[in-house]
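What follows is a pair of complexes built around chain A, which joins chain B in one and chain C in the other.
Right after this comes the complex of A and B.
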């Protein structure tokens, strides 16, 4: 008949699974999970408890608040004082809010000082700065990515590259977007000068808890990653059956910006596991923003029909873990 | 990628009905829509090409696109159903009132003329009946070179199961001939319930034989190129210079930065801006 592509195929997804132990000095779990910088939801599933353990509660409540700035002109991110106070110290995360990666211009600022602008063709041509066509362009180049290292000497204030980008953003392409800004704990003061000039509001991640009963549970150590993730997704979505008692604290609102201190989270989960229990595992799933211009390892992220990028950490009683890193069609391979 | 567009929403004189369709389209995520005035000239009596109603008369305020802060953009489009070569008058001044110009050919000869000769933006593929002619590669490639796109409407498939068969069969035949290039998918929805979201239409495009990337472009980038092509026609006529295709694109590069796509001289948009300035 026709040389059409196979209708049974879904768009490409990638799943990288690794299992190791926290006690192994060569385990890469911190290095891997820190590469997913922009996350909006954390789900923790704890079996056999009726209320969240106190140390986990305190960790969840200690997430620093983040700020939403309305209509921030993007050239403000190049402001000399902001760069010196926040960006050079590696303390600030920023992401444009309510911009869709496949329709609009999106901006991301990572703590290593990289500013990424994902622009459509007209905006890129107006801006007049170096950039590359997106890796996920189809027939024609309709999306371009401008990636700038603000800590590089060429982008020092007053330098040629800096002035060129600043001129582009102030006179040629006046990009203005709602912006989410967050910081490492303890460096909130560095953002105050920027915040004071615009309309901003402070937000905290919401924490909500649900008790699930009558839940059937597969053999978690031995089942394959796809079935495991499917089961976890079904539990998160609320479709569950047979007996066992679990509780899962699940932040419900999407679009809340969480620079996850997964290290602390996973430590407190491990403390929980040390106590003797029948079911000795904890799962933690962290979802990245679907509309972020960067994903794993600061590489480009796109949205074909779904922009999923997330990881799941299954921790067991004997300090072993399974880490599953997943992305969708328009993404680079997770580390 | 570009914003999502639906370039075929049939005009209806019932203001509230059309308003509800536009609101649904904005709610589903379409940033640009085009109201389609269909004109079917018959040999028997002389008919007048309809005049587009200014959007301010149709709706009090344009709805904001879901998830963004800008209101939906509304354009005007004319579709001429041609059964005879005299029905389409090239360079008719009435066509200039519209932002987009489309034809629906009914015979092979007219399809060939529409692909190779007529100064139009969109060629509508019939979806409510068996194809009256076969698609040949030569005129289709000619149309692709000129920047003309082929449109498949999906709402007939929602209304009726027989139409669904014709829609899929005709669309598959088109995609096989054009290899997925220059295809747009639009609704032609007569009711708000017949509209579907852009990602659903992308999935529908897979049924028609388009690849993932082509199907998504059919609702976004290809529609954008239609608007740019419509604007190009305007620039070409006003400067009155005929150049080779490649040179034309370089020559007009600097104009596009200011030129809003889809505007033709004397179009409704220009009139509206003048009246609002006064």
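Right after this comes the complex of A and C.
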């Protein structure tokens, strides 16, 4: 039988909790939450209302659709026309679909033009391009990360770095994957030439709404962060056992996305808070993709046991907020 | 183990970094039975897991406190909560639990996280087809 101190070892967890006010000019909520680029679900919890306010509804319905491209060869992301029409303007971002970060090759394209390839050892050696061993290797280096700034002069079309990567992806490692691609509003036209060459489908985020009644709510301002997140998780999951204080009817709305413009979402939540009511708080939780190669800026993300990376923004009536940024073992600290 | 770094500039702004401070870990598990028509209640499931703990770790192991936060009888899926230092104990006993009422069974551990909120959204379940 193992000695108990070995059984006590659990992976590192990291939770950053910030509280401040939206009225404080130095608050950096937008800058912080924008760094979680690839998100698949948003949950908004609104107390004391049986249906969502109309301006929140209109914001949620205004998000642009995203595309799923089947069997996209990765060298297409280096296509000169695609780079000039979309990538250099910071208009597109994408993530490989249904690739597991701990088993398969994963690709991410961030809005600032960074292309990240998370490859297993054989694929990396075939590709023949500079990369670093992953921070999440166990004993031997079995995973490597190739990170390329497509807007840098060294990766300009025709340059040496560009040609080396392009040759690697076309002749040595013909990497092909299903790819989720999204764009900033108004930039849809830049994707048309790429989409016309492959099998693609358009998807819109789906919205679902649940009304919960007789829900008990703890003292949110004084609650410690872990208990607060546990309560929010219990509400979202529909658990029978929820730590209790007093009762109020609480509707929730839930939405699945590729990426989300949370700035608009949080602004409309704040408008909702300005109206007088008994319970003056709103909570918004945004879940990042667990298989994204990058998380919190462009730093490497790993799965290990959970792959969690999400944040919760609790907004109160008096323009104060609590921002809880969570990440899993060995990821870099959230901003 | 807990380290807390605090930056407090004014009475309004505060930043706290909590490392390894999560008191609980949460598991989403599904019980797969050879006889698919068998159904268990939440109490029976908890008793079954305690039996598994006792088999592997004895009376001391069986005394490990864990909660079944949510249980779906139709899919035999449960959300379990356990103290962080008991995670490995519970998880290993679930792995090695092989039979229920003399019929083969297996626990599939679908998701593990120190945050219950992370268990409500798993991008690996995302189906766009």
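Everything below uses one rule, namely that the second predicted complex is superposed on the first by the 308 of 335 C-alpha atoms of A that agree within 3 Å, B and C clash if a C-alpha of one lies under 4 Å from a C-alpha of the other, contacts with A are read in each partner's own complex, and residues count from 1 in each chain.
Here, a contact is a pair of C-beta atoms (placed from the backbone, for glycine too) under 8 Å apart; a residue touches a chain by one contact, two chains touch by 3 or more.
For clarity, every value in this text was computed on a predicted model and none was experimentally measured.
*Asks:* Output check: A:238 vs chain B and chain C. Expected answer is one of first, second, both, neither. What do you get?
*Replies:* Touch status of A:238: second partner only.
*Asks:* Which partner does A:138 contact after superposing on A: first (chain B), second (chain C), both, neither?
*Replies:* In the superposition, A:138 touches chain B alone.
*Asks:* Spot which of chain B and chain C makes contact with more residues of chain A, would you?
*Replies:* Of the two chains, more chain A residues are contacted by C.
*Asks:* Could you look at A:305 and tell me whether it touches chain B, chain C, both or neither (first, second, both, neither)?
*Replies:* Both partners.
*Asks:* Identify the partner contact of A:203: answer first if only chain B is touched, second if only chain C is, both if each is, neither if none is.
*Replies:* A:203: touches chain C, not chain B.
*Asks:* Contacts for A:102 in the overlay, against chain B (first) and chain C (second): which applies, first, second, both or neither?
*Replies:* Only chain B is touched by A:102; chain C is not.
*Asks:* Applying the touch criterion given at the start, work out whether A:331 contacts chain B, chain C, both or neither, answering first, second, both or neither.
*Replies:* A:331: touches no partner chain.
*Asks:* Across the two complexes, find the residues of chain A that touch chain B and also touch chain C.
*Replies:* 7, 98, 100, 305
*Asks:* Over in the complex, which chain A residues touch chain B? Could you list them?
*Replies:* The contact residues of chain A facing chain B are 2-5, 7, 11, 98, 100, 102-104, 120, 122, 125-126, 138-140, 142-143, 304-305, 329.
*Asks:* Flag every residue of chain C that touches chain A in the complex, lowest number first.
*Replies:* 10, 12-26, 57, 67, 69-70, 79, 84-85, 87-89, 111-124, 126, 128
*Asks:* Taking the touch rule as given, give the residues of chain A at its contact with chain C in the complex, in rising order.
*Replies:* 1, 7-10, 12-21, 24, 26-27, 40-41, 43, 68, 97-98, 100, 180, 201, 203, 225-226, 229-230, 232-234, 236-241, 256, 285, 287-291, 305-306, 308, 310, 312, 320, 326, 328, 333
*Asks:* Would you tell me which residues of chain B are touching chain A in their complex?
*Replies:* Those in contact with chain A are residues 1-4, 31, 67-69, 172, 175-176, 181, 199, 202-203, 206-207, 209, 211-214, 216-217, 220-221, 224-225, 257.
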